Amino acid sequence: MKIRAVTPIITESFGPLILEEFARVARPGTEISNVFLDSGPASVESAYDEALATPDVIAQVRRAEREGIDAVIINCMGDPGLEAAREVVSIPVIGPCEASMHVAAMLGHKFSVLAVLDRIIPEFEDKARKYGLQDKLASVRSMDLPVLELEKGREQFVARAVDRAVEAIEEDGAHVIVLGCTGLAGLARRVEDALRQKGYDVPVVDPASTALKMAETLVDLKLAHSKRTYPYPPEKEIVGYMQY
Amino acid sequence: MKIRAVTPIITESFGPLILEEFARVARPGTEISNVFLDSGPASVESAYDEALATPDVIAQVRRAEREGIDAVIINCMGDPGLEAAREVVSIPVIGPCEASMHVAAMLGHKFSVLAVLDRIIPEFEDKARKYGLQDKLASVRSMDLPVLELEKGREQFVARAVDRAVEAIEEDGAHVIVLGCTGLAGLARRVEDALRQKGYDVPVVDPASTALKMAETLVDLKLAHSKRTYPYPPEKEIVGYMQY
Amino acid sequence: MKIRAVTPIITESFGPLILEEFARVARPGTEISNVFLDSGPASVESAYDEALATPDVIAQVRRAEREGIDAVIINCMGDPGLEAAREVVSIPVIGPCEASMHVAAMLGHKFSVLAVLDRIIPEFEDKARKYGLQDKLASVRSMDLPVLELEKGREQFVARAVDRAVEAIEEDGAHVIVLGCTGLAGLARRVEDALRQKGYDVPVVDPASTALKMAETLVDLKLAHSKRTYPYPPEKEIVGYMQY
Amino acid sequence: MKIRAVTPIITESFGPLILEEFARVARPGTEISNVFLDSGPASVESAYDEALATPDVIAQVRRAEREGIDAVIINCMGDPGLEAAREVVSIPVIGPCEASMHVAAMLGHKFSVLAVLDRIIPEFEDKARKYGLQDKLASVRSMDLPVLELEKGREQFVARAVDRAVEAIEEDGAHVIVLGCTGLAGLARRVEDALRQKGYDVPVVDPASTALKMAETLVDLKLAHSKRTYPYPPEKEIVGYMQY
Amino acid sequence: MKIRAVTPIITESFGPLILEEFARVARPGTEISNVFLDSGPASVESAYDEALATPDVIAQVRRAEREGIDAVIINCMGDPGLEAAREVVSIPVIGPCEASMHVAAMLGHKFSVLAVLDRIIPEFEDKARKYGLQDKLASVRSMDLPVLELEKGREQFVARAVDRAVEAIEEDGAHVIVLGCTGLAGLARRVEDALRQKGYDVPVVDPASTALKMAETLVDLKLAHSKRTYPYPPEKEIVGYMQY
Amino acid sequence: MKIRAVTPIITESFGPLILEEFARVARPGTEISNVFLDSGPASVESAYDEALATPDVIAQVRRAEREGIDAVIINCMGDPGLEAAREVVSIPVIGPCEASMHVAAMLGHKFSVLAVLDRIIPEFEDKARKYGLQDKLASVRSMDLPVLELEKGREQFVARAVDRAVEAIEEDGAHVIVLGCTGLAGLARRVEDALRQKGYDVPVVDPASTALKMAETLVDLKLAHSKRTYPYPPEKEIVGYMQY
């Protein structure tokens, strides 16, 4: 099975890390490749960033299908371009936010998401609502750390994630924690361990690896997204982008 | 007061019609201008179309603010790029779908939206949900007429809209009707009259003119969208688009 | 266009203030008049007050239509008699609570209402629910100042409103503030400025002027409330009130 | 225990019937009295009727408490004046709509209400929502029979109620039926029997007798409505009505 | 009328207390009996305890109907086996949690439940949701006192209940309090008095006595649970339990 | 990885079929075993059946953990004993209903469940609600075929499933179909193919195989259910069952 991650940024320095983390949870026989964007932002932290990442995400998803890929992961917690990408192909296209919220909902009474920035809180609340999970969302709390600082070292995130997770558990009633950035791949078990040492026995969901397992699941089950929800776009004149 | 419509398509033949319809409902002293896109689709009928319209919508909204415009209308019922556009400026940016759904919600118990195509039904349901109005939405029904056929003559739409509206009233409990395309501007009163002749005394909301009145309202009230919801995007490297 | 405010109290000392505030936001050509009640309470602060204001509100709304008025505002945040008044006429009847909650919902992720008294908190929660907006309501907070003290000087309200607004923003996630009393007309911009100086860039919605703009909007759009939701009452014997 | 029904109409011909029906279900030791209004409508079929019934309902409820009554029933499915009446006394005030919807919610998966008129459908939907029961409401269906025709003979209602109940069961998934008018008191068992003969084994809830049992329940349990929700109204000048 | 309490534990020392409390609120002519389980747990504090109580609850409910009992109360706030028990008989089967939540919902704006243990909080939230009352639930707070300590003396519960109730009122907006354990029968009035002395005038609902009154209400009204929701189970081979 | 299916019935003739179907979708290296119950019903079609299956389900799940199993599937669409079983172990326990509803929610706008019997419709609606997915549920429709007839031949189910699926798509707006019984394992692709031939391009979710993939996913991700939601039961005396 061939899975393609489309990491919707132009910052290629994240590359080896991404593949390493995916390899850790992949099943034998799953081949994972990753592409970055040619056009788009250095990181995704706003609706504006998502909007400018989306056209090239769509192009990369289409290319993946043409290359015989079995399923695509849009490797960002903002799930940028998810609907549009599902329209243009017939293979599964996985959003880490959607996948990790649903898995979190199955793991306990309510979950909280740890956002990298305050400004993303409304977006995660909106996404929980859109994915039908608002009643399972305990809260969204911000770790207040810009994404690009992840390149400098991700250790600082563990401590902040643990602090915010404890608040979410104690004050908001969270029973499950979702890390709110695919750039945190690989840190979930460490956050979970640190929480357990503080007496909080709650699962911590990593969105990137969860998306990968969901991609494998759909391919093994021969399931793809409904074409009644995501029909192919009507053909028409389009200026400035390659026609679909 | 200066209002700018950004019509998020490249099909300029709609131009005179749009301005004529806006002029009909504008207050004295409101100057309305309209721009089309340089890059984007011929019409907006899919998430894919919306995605490819959005980058240029953002650019046009930014330009409007630089030109001293007081408020912008993204002149399409899909509200493409609404959040991103609100992030990059501090003037009000109005979405006809959001504005017309809220006005419809104030006019009666429940409203139905008449979509141009079957494929757009889930999007309107999602938007009602996102705008917090899902409990006021009676239904979405499709008129099954592609947008570009509007150029050929809009008369056929009146009869179809009336038929679908009657179904929405009788079967879904709609008390208010929203026309689901800004390209139908000017037809609302005719649909309303035809319904009244059939014994259905329900208001019919036109999204484009409703958006214009909402723009005037916000400017007169000196209100703009919350910068806590739509903060300016963080500065960063962006490839393939003008930097914000 | 002629707009009539029905201020549902017998305390006429508010009169000049009301007209002054409306004049500030009205469009050229809008004529605004205000009437008080012959029968009813000195202020509206309970379901009991609303109940005893309602019969004369209905009579005044009916009179307004007979006098050729184009739209009526029930000038109180409790929207007393809104449904009954809409039943007896065919012109738009605007409730400031309904209008300002919908406008607030469009301005940002979630809004909070500042009530004058603790006892009104449940009513605003119920109204948000009734108007279909409960998912957009962050909270209702009380300023703890009886309405009739407004006559003595409204300055004290600004400071209290700012304090409660900061709590709503910091603790409840409010991105928009609604002033919970039409007697506060004219103070919204001052509260907004004071919040901005404290670093909170959020819009503050004034219910009375918002209601006025919504009245103008409906008249310009030739829209009125649905007669399927608000049909004329059946004729019947009524004792103690003028028959409809 | 003394229970007072306040039947919020001026049509006294319903009197003996009401007392007879209450007596049928009352516990030994419950004394039931009924009063009609001095001012108000002949029947309650609109928000307008409810508004004009409410001031005298409040006065009658206050009088009942002064006379040593233990609990009051506002004997109409519209629950007119329920909040205001609860504010002015400290004895329980029961609304048949609220009581019967809650009992219906306990009897099965979902319930439907049979309204006397089409125009009341939105009101019952709003009330289910207000009482927190919208997710238990399968539908509201209209029997299309004006209330005052009940005086002429109530037999015709049984057949219509059965027909609408069958539709509610088959098409809307109703598992419990609520009769939507207290004027139908005494017919619930007959509708239930007729449904059983057609193969539908569903409980049919009569609102008036359910309200009586709820009144007895609260008195026996020494419970009254929360004064945090229904605090006494602030004293103030009121013109045209006796001061509270 | 004969009411049977099935107390779903094997700890018979609670027996006299239970009957004494029921007798206090029963109507004249109501005969109340209580049975404990032959198989099951010493107390009910987990889904595991509920699961192991359920088979014998079902058997006891069936036996009650065979013995001519008019209605059964499953005398535990977890309502264990409620659906299954309703399937196997045609007499009413009352759950104290369901009954007390609905009565609480009628008494004020929102209610809070005081759970005996932290671990039961999610269950009460789930039950409010299942019973359709999630929007009326202000919060669930834990008193942190294991059920079996009730045998040693229930005085300590009053103080803890009062403390948690004050928090629920002040921090969560509760207007009504529900005691979260039928083992607390008889303490509601004392908690209510203590709250009143602290200035909190809120009703406190006792689940066991509320369940009893609901049982009487349904028997008097000749209502039972809908057989469309709770049809008799299909006959089939069952190993390890008496066949139904 | 070792996965254990606990099929909560005593009808062992389903055994080979179950293992065959699981083997079809399992990843290399996944060992699957299946056990039936010693005590319980021949099939699960009621709350009563679920209640009597649950004690032995719990025992089997505990045994599985002692035997070194990595994750357990309760192999029935009713998810009987799911909460209690999760309490007694620390390995993941998967419910096919929960897993398949969440996967269906990710595949399209709304999903419908095809129940084997009319009587199970309310249970699936309740479960969607409990799992937080009620807004993604389009409808539940019954195929009206008792489970034990599956032994005689499952071909008849395909045609009925297709008919009900078409109704769900056309009348209820379903975009995804969930087969409502784990006894239908292996038929999903055939129903999907038949629907595609009729022009309906919608995914059909098989609950048993979906549960298996979710079990593998959680084991690979080293995730288990939250012990804050499912803490170990307190130790206490239990009569009639092995102590936990």
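For clarity, chains are labelled A, B, C, D, E and F in written order, and residue numbers in each chain start from 1.
Simple rule for what comes next: a contact is a pair of C-beta atoms (placed from the backbone, for glycine too) under 8 Å apart; a residue touches a chain by one contact, two chains touch by 3 or more.
Remember, predicted model here, so these are calculated numbers, not experimental data.
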If I average the CA coordinates per chain, which chain comes out farthest from chain D? A
Reference interface A-B: repeating pair among C-E, E-F or D-F with over half of contacts shared: E-F
Could you compare the number of C-beta pairs in contact for E-F with that for B-F and name the larger? E-F
Averaging C-alpha coordinates per chain, one finds the centres of chain B and chain C separated by a number of Å equal to 27
Please tell me the distance, in whole Å, between the geometric centres of chain B and chain D computed from their C-alpha atoms. 43
State, to the nearest whole Å, the distance from the C-alpha centre of chain C to the C-alpha centre of chain D. 30
Give me the residue numbers in chain E that touch at least two other chains, ranges are fine. 109, 122, 126, 129, 135, 175, 229-230
Going by the touch rule set out above, what shape does the chain contact graph take here: line, ring, star, complete or other? other
In the complex, the residues of chain E that touch chain D are 25, 27-29, 98-99, 102-103, 105-109, 131-133, 135-136, 169, 175-176, 189, 200-203, 205-206, 209-210, 213-214, 216-218, 220-230
So in the complex, the part of chain D that touches chain F is made up of which residues? 109-110, 135, 173, 175
Quick one: which bits of chain F touch chain E in the complex? Just the residue numbers, please. 10, 37-43, 45-52, 54-56, 58, 81, 83-84, 86-88, 119, 122, 126, 129-130, 146, 148, 229-231, 233-234, 236-241, 244
Considering only the defined contacts, which chain C positions touch chain E in the complex? 121-122, 125-126, 129, 134
